[in-house]
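Both complexes shown next keep chain A, but they swap its partner, so chain B is in the first and chain C is in the second.
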Partner chain A sequence: MSIRFEKVDFEYSPNTPFAHLALKDVDLEIPMGKVTAIIGATGSGKTTLVQHLNALLMPTKGTVEVLDHRIEAGKKYARIKDLRHKVGLVFQFSEYQLFEETVLKDVAFGPKNFGASEEEANEKAKRALTTVGLDEHYYERSPLELSGGQKRRTAIAGILAMGPEILILDEPAAGLDPQGAAQMMSLFRRLNTEKGITVLIVTHNMEHVLEYCDEVVVLDEGQVLMHTDMKTFFENEEYMERANINPPAIVRFKALLRSRGLDVPSDILSIEDLAGFLSRRKKK
Partner chain B sequence: MNAVEVRNLYYSYDRKKYAVNDVSFDIPAGSYTTIIGHNGSGKSTIAKLLLGLLEKEKGEIRIEGLDLTLENLSEIRNKIGIVFQNPDNQFIGSTVRDDIAFGLENHCFPQNEMDAIIEEYAAKVGMTRFLDSEPTKLSGGQKQRVAIASVLAMKLNILVFDEATSMLDPTGRRDINNLINELHRDQNLTVISITHDIEEVAQSDNVIVVDKGRIALAGTPKEIFRHQYELIGMKLDIPFIYKIRNALKAKGLKVSDTLDMERMADEVCQYVLKK
Partner chain C sequence: MKNVTLGRYIPLDSFFHRLDPRSKIIGMFAILIAVFIPSGWIGYAIIGAVILSCIFIAKLQIDFVIKAMKPMLMMMVFLFVINVLVIKTGEPLITIGKFTVYLDAITQTAYIVVRLVLMIMITTLLTATTKPMDMTLGIEDLLMPLEKLKVPTHDIAMMISLALRFIPTLIDEADRILKAQASRGVDFENGKLGEKITAIVSLIVPMFVSCFQRADDLADAMEARGYVVGAKRIRYKTLKFHAGDYVVIIVSNLILVGMILLWVYVK
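After this line comes the complex of A and B, so read on.
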């Protein structure tokens, strides 16, 4: 099972003067069990693409397959509720979507909405809050009193409480301070390694892609420009140039070392590893 | 002259705890100052106080020598403007053109000059072909360009950017940062940028570090980054070049304290490749 786009077009406001083709003939297969980064310029179709995965948007043309669901353009789709149960989508600036009086109620809303009893929903909510690092002191607090990072954790817990098999996050670290962002990203990495959740992250942050992701999908003007594993991506200057990204600092520094005749192995992608390599190289 | 002078400023949201606690600083006219601090440290609150968007509890704020008071507010806003992080919260017009026009009308720009000004600033942020588009139809980055154009068009001397490029993609961020630098350089715009972009901080004239509502450190980037462990303790980042230097030192490799990546690469190669 995987996530598959077959010849997918998506057009906003079709047959109006505002018509805009946001996805063009997208063929893409994203493997399960990995953390995949979706990158690309503003307006390249990243958000549009991921919103197809829980049928928030339906393809104008082509087919989207997610788990055992098959969504075809032009056909009515009856199993949306089941799909949304299994595919959790956390929007950009998700903290604006909190609405309940207390953190616990807000997180329990999802499971309750999908038919869990009050008790069951609270149990799931508590587990999800623990996962995102919010303990019982937060249960009865109003979401409005929390800091930006805590609000976002609450929103993510709300999705996790539904027990998704696929978790999609649209720029989850935007606007957080550097350490808050790093904590957020390691949370997703952990959800993947410990619970086997398939994670898709829309991001502009190449340092995060390098540190926390396995695969990279690059979109450009509504089309898939490339899809490769993370190491291959950051190993190929040509790829990074085509994707029009600013490489992570370590990749830039390695390029400087190489241009001076020091051949740094391609699998070195962390500061620790690089320092270790340089010190071994010196001893030789 | 100082563009901004702040003396013993206090502000509290809940009357229990000061979000801004006895803050004083000067921002020289024509300088590029970055303000850093973790989320919730009080940096955005300081920015809102400078604009009079929040009312200070105690202390003094002077913008180009003028005391910020309720009576002076409209005059203050002819001097200083702000661009926020989320552009969705700052749209008024039904087209990009109207949106830029709104600020100009408020600031009583002559009608016959407005079209030229709108075109000029739309071009500066690369949005000319969207002038008659609805702001709600634009992508996040495009919206932010319009928001920046709307404020810039009012020809203020001091602009505060509250993480204004944090939602843009790298290309958009580079464009807008170049634009801000150009305005700073060519039109002597005083820039006050609240940012998490550590490379931007490294290139600014002055840095103010805010922690728990207080000024923890202030100075040039080199002076500030000398306190790297304090910065990490305040949940802040340090530039890559410091991280790699720390890691090399831990392995017993000696490198100078250069801030330049090319020079660091030279040093490392000389050291490692030396026969």
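After this line comes the complex of A and C, so read on.
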């Protein structure tokens, strides 16, 4: 089982003067059990792509396969609710979706919609809140009086409480302070390694891709420009050039060292490795 | 959500697009009043022909205008049913069991429907050919005489333009929240009454919160750029009448006068 796009086109407002082809002939297979980064410039179709995974958008052409679901263009799909139960999608600026009176109720809202009883839902909500690092002091508070970062955590807990097999995050760290962003990203990494949840992250932050992701999908103007594993991506300068991204600091630093005549092996991708390499060089 | 055609501006280049918004607003009001004068079928035929040729001159597609009427369809059907049930004068037309449909019911409904259609057509012509911002400029200018009566015309115009400015933003926002809640298992289409209410609450509360937040931010942004309520202000864009504008005002008012004459003398 995996996530598969076959010749998918998606057009916004078809047959009107405002028609816009957002995805063009997308063929893509995303493996389960990994953390995949989806990158690309603004307007390249990242959000449109991920919204196909829980049938918020239906392809105008082609098919999308997710788990045991198969969504074909032009056909009504009957098992949408089951799909949305298994694929949790956290929107950009997800804090705007909070609406209940208390944090606990808001997080329990998702599980309840998918048929959990009041108690079950509360139990799941409490577990999800613990996972995102909000303790029982927050349960009875209004989500609207929390800080921005806490609201974001509450919203993410709201999706986690549903118990998704695939977790999709649309720019989860946007607008957070660097520390909060790093905590958020390591949480997703942990969810993947500890619980085996497949994670897809839409992001602009290359440092995060380097540190927390296994695979990279690059979109450009609605098409898949490339799909490789993270190491290959950051080891090859021509890849990064083609993807038109600003490389992470460590990669830029390596390039600088190389331009001064120091031959740094390309598989060094962390500060620790680079420091080790440099000290070994010095001893020689 | 995004397929609303009623009141949408269509960027084209035509005689009507180039007109001063003030003359278009004056012209529209003249025709609107003319539509409400009971000048009989001849009168409506004339107005209809004029509006249709205007739509043609404005290069608008007739599909677009027809689409704008869709929301009114239910209302028209409703009117028809009520009229058929209530009006019992004129020639009896058909009798079904104990129930008789009278001629007046049909003609009355037809009158109302024709009026509605003409009104929608003329207002669509205005909104489709006038940029929202130009429209508010026009409204502000036309309200100017009320300034003497201490009516805050500028503030009213500012409020209208802000409201218009934020319609697309709010539609996008609603779309986003709708999708976010759908991802949490909310079903906006089916479900029992209780579920429907929760579904709507889950949309409205976040919309309210973000509207207030936006309003706060906007007020700060405006003040940061020197906006002072009630201050004297000059304009970047000034409106000017051209020959075409006089033609529109004169023609529309002639139609109005014509309809009044038709009503008074022909009846």
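Operating definition for what follows: the second predicted complex is superposed on the first by the 284 of 284 C-alpha atoms of A that agree within 3 Å, B and C clash if a C-alpha of one lies under 4 Å from a C-alpha of the other, contacts with A are read in each partner's own complex, and residues count from 1 in each chain.
As a working rule, a contact is a pair of C-beta atoms (placed from the backbone, for glycine too) under 8 Å apart; a residue touches a chain by one contact, two chains touch by 3 or more.
Note that the structure is predicted; figures quoted are calculated from it, not measured.
> After the match on chain A, would you call chain B and chain C a fit or a clash?
Aligned on chain A, chain B and chain C clash with each other.
> One more residue to check, A:L56. First (chain B), second (chain C), both or neither?
second
> In the three-chain superposition, say which chain, chain B or chain C, touches more residues of chain A.
B
> Quick check for you: in the superposed arrangement, does A:A19 touch first (chain B), second (chain C), both or neither?
Neither: A:A19 stays clear of chain B and chain C.
> For A:L274, is the partner it touches chain B (first), chain C (second), both, or none of the two (neither)?
Touch partner of A:L274: chain B, not chain C.
> A:M32 in the overlay: touching chain B, chain C, both, or neither? Say first, second, both or neither.
Neither partner.
> Quick check on the superposed pair: does A:L89 touch chain B, chain C, both, or neither? Answer first, second, both or neither.
Second partner only.
> Applying the document's definition of touch, where does A:A41 land relative to chain B and chain C: first, second, both, or neither?
So A:A41 only meets chain B here.
> Of the residues on chain A, which ones does chain B touch that chain C also touches?
Residues 18 of chain A touch both chain B and chain C.
> List the residues on chain A that touch chain B in their complex, please.
18, 20, 40-43, 92-93, 147-149, 171, 174-180, 204, 206, 244-246, 249-250, 252-253, 256-257, 260-262, 271-272, 274-276, 278-279, 281-282
> What residues of chain C sit close enough to touch chain A in their complex?
2-3, 10, 173, 176-177, 179-187, 201-202, 205-206, 209-210
> In the complex, go through chain B and note every residue touching chain A.
Counting only chain B, the residues touching chain A are 37-40, 85-86, 134, 137, 139-142, 163, 166-174, 196, 198, 235-237, 240, 243-244, 247-248, 250-253, 261-262, 264-266, 268-269, 271-273.
> Applying the document's contact rule, which stretches of chain A touch chain C when the two form their complex?
The contact residues of chain A facing chain C are 12-13, 16-18, 51, 54, 56, 81, 84-85, 88-91, 94, 96-99, 109-110, 113-114, 144, 158-159, 162.
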